[in-house]
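Each of the next two complexes has chain A plus one other chain: chain B in the first, chain C in the second.
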Partner chain A sequence: MNGGFSRLGGLLRKESLQIWRDPSALAIAFVLPTMLLLIFGYGVSLDARNVQIALVVQHPGPVASSFTAGFAHSPFFRPRRFLAIQDAEAAMAAGDVQGIVWLQSDFARLALGPGNAPIGVIVNGVDANDARIIEGYVQQVWANWLVARAAVAGGALPLSVQPRVRFNAAVSSRNYLVPGLIAVIMTLTGALLTALVIAREWERGTMEAVMVTRVTMRELLLAKLLPYFVLGMGGMAGSVAIAVFLFGVPLQGSVWVLTAASALFLLAALGMGLLISSFARNQFVAGQIAIITTFLPAFILSGFVFDLNSMPTPVQIITHVVAARYFVAILQSVFLAGNVWSVILPNAAALALMAVVFLGLARVIARKRLD
Partner chain B sequence: MSATTDPAPALRMEAVRRGFRIGRRDVVALDGVSAVAAAGAVTGLIGPDGAGKTTLMRLIAGLLRLDAGRIEVLGVDVARDPLTVQGRIGYMPQRFGLYEDLTVRENLDLYADLQGVARADRTERYQELMHMTGLGPFTERMAGRLSGGMKQKLGLACTLVRPPELLLLDEPTVGVDPVSRRELWGIIDHLTRNAHMTVLFSTAYLDEAERCDAVLLIHEGRLLGHGMPGSFTAEMAGRGFSAAAPGIGRRRLQAVLADVPGVIDAVIQGSAVRVVTATPGPPDPAVLAPSLPGLTLVATPPRFEDSFVARLRARGGVSAAAKVMATAASPAQPRAPGDVIVVDHLTRRFGAFVAVNDVSFRVGRGEIFGLLGANGAGKSTTFRMLCGLLPVTEGSLRVAGFDLRTAAATARGRIGYMAQKFSLYGDLSVRQNLRFFSSAYRLTGARQRARLDWAVAEFDLAPILDATARDLPLGFKQRLALACALMHEPDILFLDEPTSGVDPLARREFWRRINILAEGGVTVLVTTHFMEEAEYCDQLVIMAQGAVLTAGAPEAIKAGVRTPDRPDPTMEDAFIAVIEAAASAPAIAA
Partner chain C sequence: MFHQVLALIVKELLAVLRDAKSRMVLIGPPLIQLLVFGYGATFDLNHVPMAIYDQDPSAASRELVARFAGSPTFQVVARLRSGEQIDDLIDSRQVALVLVIDRRFTRDLLTHRPAAVQAIVDGRNSNTALLIQGYANTILSDFSLSWGAARGGPAPPAVLDLRARYNPSLNSHWFIIPGIVALLTQVVTLLVVGLSVAREREAGTFDQLLVTPLRQIDILLGKGLPGVLIGVLEASVIIAATVWWFNVPLRGGLLPLYLGLFLFVIAVTGIGLMISSLAVTQQQALLGAFLFMVPSIILSGFATPIANMPDWMQTLTLLNPMRYFLVIVRKVFLEGTGMRALAHQYWPMAVIGIVSLAAAGWLFRRRVA
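So, the complex of A and B:
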């Protein structure tokens, strides 16, 4: 390692100067995560709110009104009234309403008498997720109405349901999405940072000149890894700050656990970037590969939106090579549940293994040669 | 090269072979190259683009693996111990290897760190290098904001921070202005004479051979010749003549002489035609060309290029030049007087940067007009404005009476344009390229078929019609690009750096075609940084830093710089003299 420190020092100094002068690296580390978080944080929500719903009351009356009032007062629904079921169906076909609640003409009579009052519920099933949520909400309104009626009648239902939600007390999907989103975003920025800056050196011919010195491949890789690790951790801190202070996501676990897990994850992501850069020699290709091999799998196969357990087994197996999967699990735990070691430790071990594999592969594949 | 002065060469190559896989094809870049480079000397690695120069440089630097053979640098086998070799040599790749967002000083610091120069020694070494390169006043400037010549010198300084035992320079003079080129050669001479450094210098400029102590001439991956530059020219002694005949234009004369058996080369030089014969000894003009009464032949000294041409011809490299059309490619327009291209006080700014500064010139019908200058002189910007691709900031221009930026498509249809690097569709075949470009110029039906047939016959494309354009040798690409530009029989032809890097035979063939087109009344506007290409022009302007330094016929420009101790200046001498005169002239009030 004769002179190695001087060489590494020189490369690190050069890299820092470039980061400082060239806005693109800073943009990838800070602006890109912020933009994505804002867009996704505000734009993506799995909660159904203000759902347009058609109320078809064929025979208005006090009983029907007391039932429909439950919809009018709900934060989830924007009811629109129709007199004929045909009109409501036309509105649903046009996409103006997402569901129809149909109180038939004999509703009041049957509701007051014995037997079942006929309530038709038709839900637009194009978006299966929304459909299920609407269905659930309608049932809730209905249950509330039954409870209220039972109280008026002086009786009581034989059982009472008291739902209590653990780990995301506000049942806000944002609280659950934002931590996962951080993992997805950091996957992209981590891989992009290293892949792009090395591809840039190939493009500009500087790599070729640097290689014909005594510098070793290990020094070259370290000189790329260290500065962008620092930068990536900065971006990570920024994202966490946005999550906590802007979106109000609770941070139940410890900051130190979060930092350590992020460091492991970032090493894996940067290692992936280094690996990409060993075969992508221009920025365009490097960017494309980074997006296809890191961002998309992280988005789809990390469990950040789509539940891993409901995927077919072959796909579930594939998800094990997606680093974001482990990080999403850790982040959701640290943010929403606290330091749950039974979740954190195995996932952290998986991240450490992936970091070792990616960095090791990058080191083995990287040659001080152009072919 | 006498082996007695230095028994241990700095570089020894034995049967070096290296191929690449391009798409589905295997290409042999170097095939059986064996040579040595003497220590303490400048060895020139000379050949056209695609000859294998860069591959050889990279093999020597340990950046590529050998397929077969052996390379020994300073006694070390590169394949076995590349790191040791890399620690002892200096290598400047084609784009100089500079970090453009670092200052001159920071670039030097980086390379000093990488090459292990002790901090205590740096100040002195930097001073030496800055003095040698003249970069002293610019140490705090970003490398990206230096001129091409200054970047080249900074790249050199970076490789010299720790004096290497062998210095590899890969085409350092491409696109650099002649003044910087001459300064670079001064530095190289200094390094070999005073510091006893060994230099391997690759170039596509054949005239640089004479500056080297030894030359390796390579072409298509094979070593075509090896020896002192004098030995190349000695072979050609007594075979070069300057031909002139009364009552016949130089282009016509050249065309006739090039077809005479026993003449291997005929190029326009000044007002005469330079002829190289197959055998030494003065030929009898009457026997050589009975059709040319009054032909006089005056012996001229041989050049390195003559030897290259002779070797290519000997290898059977009779390109289609021999049968270049006698038929004019274009409708023979009467040589009507009047200017086809008129440029008046043209200025183009990009922000605060003035790319083209108050440029004026006129081009008559059937004239070949040259824009000569180094990279960054403003040639391409001028060109783009003429083609209507870029709006002008100030001034006016007219091409065939139109401003192409606002003219209708019919006006543009009178222009043929051949872009730098040829702008062919690499994935299409030759036939598909021709068909596409003819459709783009709105040729259809029988006319399109006729023009396709014409192009195939005229440019001898039949054997390669189904070849993919990307895989063609450079000379063929150039031929195809010209064919594409001529599909619609334009009467104005724009050529942007048409022959940079092609071999001398391909260049000769190209210019013969252009000459015939010009004879047929086609107006040709050409940009080039090849000084010798300027000889083909009827009129030219020399540009530097966006401004026209001088204008006129090549002979007149050369005559203007004639001095007693330089009775026969070359175009390059003229260029340098003009630039120096402009630099020393009192600054014009801004």
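So, the complex of A and C:
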């Protein structure tokens, strides 16, 4: 057993030296997460602010201005006035405005008389999500105006709606995207770190050299895993620090839950990388598989931007094998809601299971190749 | 000379396509991804789980609840008897919306006082929260208006007539799937080209290539054209699937689309060759490809609009070829835009392509010295 430990120690030393000498592993672990988090933290936002919108008022008057004033005062809109609907349409086709609000010439007459004056709202539907959010903002302006008109007339609307947002009361998309980004970035780091290391040994022919020694496959995998695990946890700590101190994302849950969940996730991600690496034997293929099976699914199928509940059932089933999915759920809750055990425990169990499966499979495949 | 370049191109294609695993990663995964992402990546909401806490069960409240239950957006999964469960249900993500109907709901409605309705949403996913609020508000204001109208109340002074141009049902697939054309084309092209020089450098065969009579430009062509070829082919398959499988309307012509595709693939090839020539090992090349690819995808406007970024970052995205191609694909597909109106998207990609190819050619020799 003593020999086993010193062999493992020797291998660990070799891996650590290799990491230290080739700066690319250190770059993956620290520079990559920091850089990505900074770029994305500033760049990724779904909050539509200052939406350029065309206001076409064909007969200006007090009623029409009481309505359009809502747009001028809203933080969401930057209204531009047009006299003719044709000009506004041309501006939308050119991409200068994202929507048009059109009050026709009989607006005041209808609004003051029989009611139901039509307000034409045309949005550019190419970015459907943005279009929906803009429609929602227009509806708010309209609803506020209705309440104000009713108050002027001495009445009230039948319903009074009180919206309340639990967690993330400012509905800031950064608060929800940054925790998700950490999961995406760590998926990438974890898989990249390990995907290349075993493939590299095969390609360089050093694998055969290691195999003729008395090193067991378990020791070899462990020696590949441990240094990268330490690197990955370091990168994770850095990312959390940036999220909290630079982007001001509240961390409601405990640091310990976060650490434990990160460790589980990293084991799964590294296990995935080892699996790819022992399967591919070639850095080109390993790299391709790593990108295709980790980054893109973590980006699209993890619930980080796209809502999982809205996906069709077959796709929802596929998302269950994406480790990032569980980590995103844990991160969003730990950051914004606190230690919600009903979310954390099932997701942590899933991560643990994935870690065991991936590491176990890597072990099996690596052993088979020894024959 | 042309003969030799051709030989180099054939050799490059063989290097990528000879190995069964390499062949497989070029064909299988992009198609699987197209299908999975095509169906999965959606901003549309349906079956949003919600709960209702009706403190005043009555004909009026039932009418309101029925409007939520009947909407395809929402799915009522719980009816609460006490307010204590609300927080738990939201915290554990069992529901994303709780509608609380006030105790004096009917009385207020009948006496023409504002009847209170509370809509509590889970803000952890802010985008979904905003959309849910929007859908709920639409249902609530419809109820409000029809309640008034049914009881002879005054009509509202004005109503909204909402319309969406180019995508009338606001189907977000129409936005995302053309985006996937750009996304996968970039991934595949960059991977094919990105490792090509680094692989030879690691094997030591690049030096041999440099001492052949081939000129710098010939090596550049030989290394670059296979990437362009594979990229354009891959994109064509995805475009075909977008049109015939996902039924996204292709309203513009193929010419403006393919001109954009061609310039985009050249720009990506140039960047890939540049990364590849800078790298000493394949691992470094792969890392470089990643360092370029991940930000270029996330900051391209693929999922989140460029207009929402801070100004300095919007300026930075001007260097990103994918940004321009995304505009082209979406405009040609949905708006049917022609070449003239897209000129501002074409030329920056051409500039990026020329500059990066020139830099790659220069780096070929530079790294040897």
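By definition in this document, the second predicted complex is superposed on the first by the 353 of 371 C-alpha atoms of A that agree within 3 Å, B and C clash if a C-alpha of one lies under 4 Å from a C-alpha of the other, contacts with A are read in each partner's own complex, and residues count from 1 in each chain.
The rule is short, and it goes like this: a contact is a pair of C-beta atoms (placed from the backbone, for glycine too) under 8 Å apart; a residue touches a chain by one contact, two chains touch by 3 or more.
Keep in mind it's a predicted model, so treat the numbers as computed, not measured.
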*Regarding the shared-chain residue A:Thr206, is it in contact with chain B (first), chain C (second), both, or neither?*
first
Should A:Thr216 be classified as contacting the first partner (chain B), the second (chain C), both, or neither?
first
Touching A:Leu11, do we find chain B (first), chain C (second), both, or neither? first
Problem - Touched partner set for A:Arg21, first chain B, second chain C, both or neither - result: first
Comparing chain B and chain C in the superposed model, the one touching more of chain A is C
Query = Of the two partner chains, chain B (first) and chain C (second), which one does A:Pro75 touch, if any: first, second, both, or neither?
reply = neither
Check whether A:Pro62 is in contact with chain B, with chain C, with both or with neither, and answer first, second, both or neither. neither
Could you say whether A:Ile318 touches chain B, chain C, both of them, or neither, answering first, second, both or neither? second
Contacts of chain A common to chain B and chain C in the A-superposed view 22
Within their complex, chain C touches chain A through residues 19, 21-22, 25, 29-30, 33, 36-37, 39-49, 87-88, 90-93, 96, 109, 112-131, 133-134, 136-138, 140-141, 143-144, 147-148, 153-168, 170-172, 174-175, 183, 187, 191, 195, 199, 281-284, 286-287, 289-291, 293-295, 297-299, 303-305, 307-310, 313, 330-331, 334-335, 341
Chain A residues touching chain C in their complex are 22, 24, 27-28, 32, 35-36, 39-40, 42-50, 63, 67, 92-94, 107, 110-112, 114-133, 135-136, 138-140, 142-143, 145-146, 149, 153, 155-169, 171-173, 175-176, 188, 192, 196, 200, 280, 282-285, 287-289, 291-293, 295-297, 299-301, 303, 305-307, 309-312, 314-315, 318-319, 329, 332-333, 336-337, 340, 342-343
As the complex stands, chain A meets chain B at residues 2-3, 6-7, 9-11, 13-14, 17-18, 21-22, 204-206, 208-216, 368-371
Residue set of chain B touching chain A in the complex reads 58, 61-65, 82-83, 86-87, 89-102, 106, 109-116, 155, 158-159, 168
